[in-house]
Every structure is written in C-alpha cells, then in structure tokens.
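The next block holds one structure in the form of structure tokens; read it before the comments.
By letter and in written order, the chains are A, B, C and D; residue numbering begins at 1 in each of them.
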Amino acid sequence: MSVKLLYFAWVREKTGLGEETVDLPGDVKTITDLIDWLKARGPEFVSAFEQSDVIRTAIDQTHVPHDAAIANAREIAFFPPVTGG
Amino acid sequence: MSVKLLYFAWVREKTGLGEETVDLPGDVKTITDLIDWLKARGPEFVSAFEQSDVIRTAIDQTHVPHDAAIANAREIAFFPPVTGG
Amino acid sequence: MIRVQQENFDIGAEIERLRDNRTDIGAIVSFTGTVRDTAQGAPITEMTLEHYPGMTEKELERIEAEANERWPLQESLIIHRYGPMKPGENIVLVVTASPHRQAAFEAAEFLMDFLKTNAPFWKKEDGPEGGDWVDARESDDDALKRWETPEKAAE
Amino acid sequence: MIRVQQENFDIGAEIERLRDNRTDIGAIVSFTGTVRDTAQGAPITEMTLEHYPGMTEKELERIEAEANERWPLQESLIIHRYGPMKPGENIVLVVTASPHRQAAFEAAEFLMDFLKTNAPFWKKEDGPEGGDWVDARESDDDALKRWETPEKAAE
C-alpha cells in the first residue's frame, strides 16, 4: 500500500524529511505498527520517535490515537502536541 | 440639614424632578426615613416610591442600602436598578 | 482607563491605542455591547441612555481597579456612551490586555458583569408604541455571583 | 468564517466586516493572541509558526462548527497566521457575535481553548541563544476540560 507520510515541527527536523511516499507491507495495520516500521529504517527515525507517546498523529487530516487502523489511509502525519494560538 | 436630592430614569419621570435641594428635619436619619418623608410631600412622590423595595440609593455617589444613615450626606440619589452595558 | 461619552467610538482604534505597540502583551480581549433592533420581540427605533454624571465615573473606576487587583492586567479600558443611539450602534466597550488569555477573558467578563449591575446607567427604548424603561434582568445579578470571593460571600 | 494566512490582520476592520452594519447583534467579543518578547524569562527575537496546510483549515472549520452548534452565534471568525513574526505582532484573532454577552464570551473562549489543543500549528521561538520549539502546556489541556459535555466526559 502506497501512502504519503508527513512530518512536522521537531519530528520533521529529526527525521530530516517534510514528506515522503512509502509502500507499506501488509502487516503494518495500525499507527503503532507504522511507528515501529519507521524506527527500523534508521537512527533518524529512532530519534524522532524515541518518545513515541508524545507524538500525535493524523490520518487523512483527522486526529487519531496510536491504535487507529491505517486501513486505506492516503496521508498520515506525525507531529508534536500543537502549540498555536 | 440641607441636602441635594437627585432622581433618575422613571423615578425622575414620576417625581417630575431631576434634582432639588431640601432641608431635612432632624428625625430623618436613614434612607427609609427619607423615603417616608418624601412620600408625605405629595402624590407624585407616593407614586415614585410606591414599590420602594425596588428603588436603589446612593449617598454621595456610593451605593447604599435603605437602612444606611444619612449623617452628613451632601447628595442623595434615587433610581431604579441599573440597566447599562 | 475609563471614559464616559456621548460620541461613538472606534473599536479597532481603541484596541491599537491600548496596546500601544507593546511587545510584552500576549492576549487582548474586547467586548462591545451594541443596540439591538428588538426587545422581547418588539421593534426598537431608538434607545436612550440616562446616567448619573460623577457617580458613573467613580463606579467605573472602582470596577476597573477591582479587576486590576484580581487579575494581572497590563492594560484595561472601559468606554460607556450615554444619550440617544440607533440600533446597530455601539453602547459600551471593554478591553483587557494580559500576558495570558485566561486573565484577559476573565477580567473582561468581570468588568461587564459588574458594570451591568453597578454602573448608574438606565436604558429607555423607543418603538412605534412609545418609550419604555428597560427592566433590570435577574440573569445579570446571577452573573455577578460567580465572582464572589469566600470573604465577600460571607458578608 | 476561517482564514489561515501569512499576512497580518487589522482587528478593527475584521470586527466591522463581521458585524456588517447589522442591527440584530447585541454583543461582540474579540480575542487577539500576540507574540510576546519573552518566554520563561528568556528574550524572544522572532517566532515562527509552522502548520499543516489542509488539515489546519479542516480543524478550524470543525471547531467553528462546534461552537455554532453549542451557542446561538450570529457570526464567528477565526484568523490564524503562520510563518515568521516579531514580538508585538498578531498571531490569532477570534471574533464572536451574539444577541447576548454570555454566549459571545463563552464561544470565544471555547474557540481559543479548542484551537490551542487541536489546530495543527507549532511555534518555534528564536532568541539570542538559538531556536527552540515551544512545549505544549498542560494548562491548555486543563482549559479544555471545562467544555466537556456529560456524554463527552464519559467517552
């Protein structure tokens, strides 16, 4: 499954990527699975997702918890807690 | 004792007076006494102070309850509950 | 600062004057009360605000001082108009500035709640059927109760 | 209405555009968030807001719709800037209009509380010592709790 991943704020700075499109293996079913899969890709991902509890996620631009199913997501974003306003 | 009396809103319309200066007899010691004294002056005052519980009072431009002592007041105002804002 | 005036005011200009290009403010709240074209379903063609010159200024200053004692405000402003006004016109403006948003919001609400129940203004509404003095609303007295401190409540 | 933009905004002009000479409004509340020149005592020379284009607009629209469902608003507006800003500049503007003041106040506070915890913006503050991402504040999460409805709280 091909999906667009986006990284914001210090998650973007740590991964060194603003966005990328990846092909996910079939056993990556939830956000937690996806984070584990990303961490296996290299030290920059290990660093970005070190405190994975802190990382917030959105699927197709809607906030979701880490146990959310990826299903047919087109766009998945990772970011720190928001600090606008 | 000479004191300036002020009337506002419908109290003013009912008494027919915006302000006046009166000489009060010595036995008029509280706002309640003053209201009774005013009511004895004529039907327009009876009408204005008919529901005297509703009337608010200020002595020298500070809100006071009806049992407040008049003491050395220079200015006493009578008005309905306020409705600004 | 407080102002009691017959003329209209410009909300944006008042906010900009109050913030005065400062860089230490974090939150600015404004409240504007305006004349509505109906009251209890009846049309209003004009509204007139009577007030008690002298006492009005004293009460507004007292209320503003109390807000500044309760919240860490950097600036505060109350402008209240009197005289005749048409529907849609501004009646009152309250502006508060603080490093944090909660203080600015709470202080603005406090100022309005106290003003509504303590500042000596009286509204007379004119419609096709004639003029009528506006009755005080119980909800305004209720709004005041939430600001009672333990000592004040015991009085 | 919501707007996400890099340019500054004029608070007064936005309020006047929103009220649009209407005569049925009774209360207008505005909240403006501004860049402060210090953070935890350290000086700030510039602040940059990163955001998630697309999701930002969706979240702000969702939050605005929720406020309009909870309160009888006649108009509402959220403007949020992104990009680099200097101390003293405007960041965010929320305006609400309603026949009554309590609805206007509550809705404006609600919009700010939800925006602070849900809209995908991230602040980076630059000072003489370098840049740092701003940490989310627990007080913002706490502020959200007071808006929980019985059903939502049970979730």
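Just so it is clear, a contact is a pair of C-beta atoms (placed from the backbone, for glycine too) under 8 Å apart; a residue touches a chain by one contact, two chains touch by 3 or more.
These numbers come from a predicted model, not from an experiment.
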Minimum number of chain-to-chain contact steps, chain B to chain D: 2
Separation of mean Cα positions, chain B and chain A [Å, integer]: 73
Mean-CA-position distance for chain C and chain B (Å): 26
Length of the line joining the C-alpha centres of chain A and chain C, rounded to whole Å: 49
Inter-chain centre distance, chain C versus chain D - centres from mean C-alpha coordinates, in Å: 23
Numbers and ranges of chain C residues touching at least 2 other chains: 33, 101, 112
Of all residues in chain A, the ones touching two or more other chains: 85
Interchain contacts (touch definition) - all pairs: A-D, B-C, C-D
Chain A residues within the chain D interface of the complex: 6, 8-10, 12, 58, 61-63, 77, 79-85
Chain A contact footprint on chain D (complex, rising order): 33, 49-52, 54-55, 58-59, 80, 91-92, 112, 115-124, 133-137
Touching residues on chain D, where the partner in the complex is chain C: 10-13, 15-16, 19, 21-38, 86-88, 99, 101-102, 104-105, 108-109, 112, 143
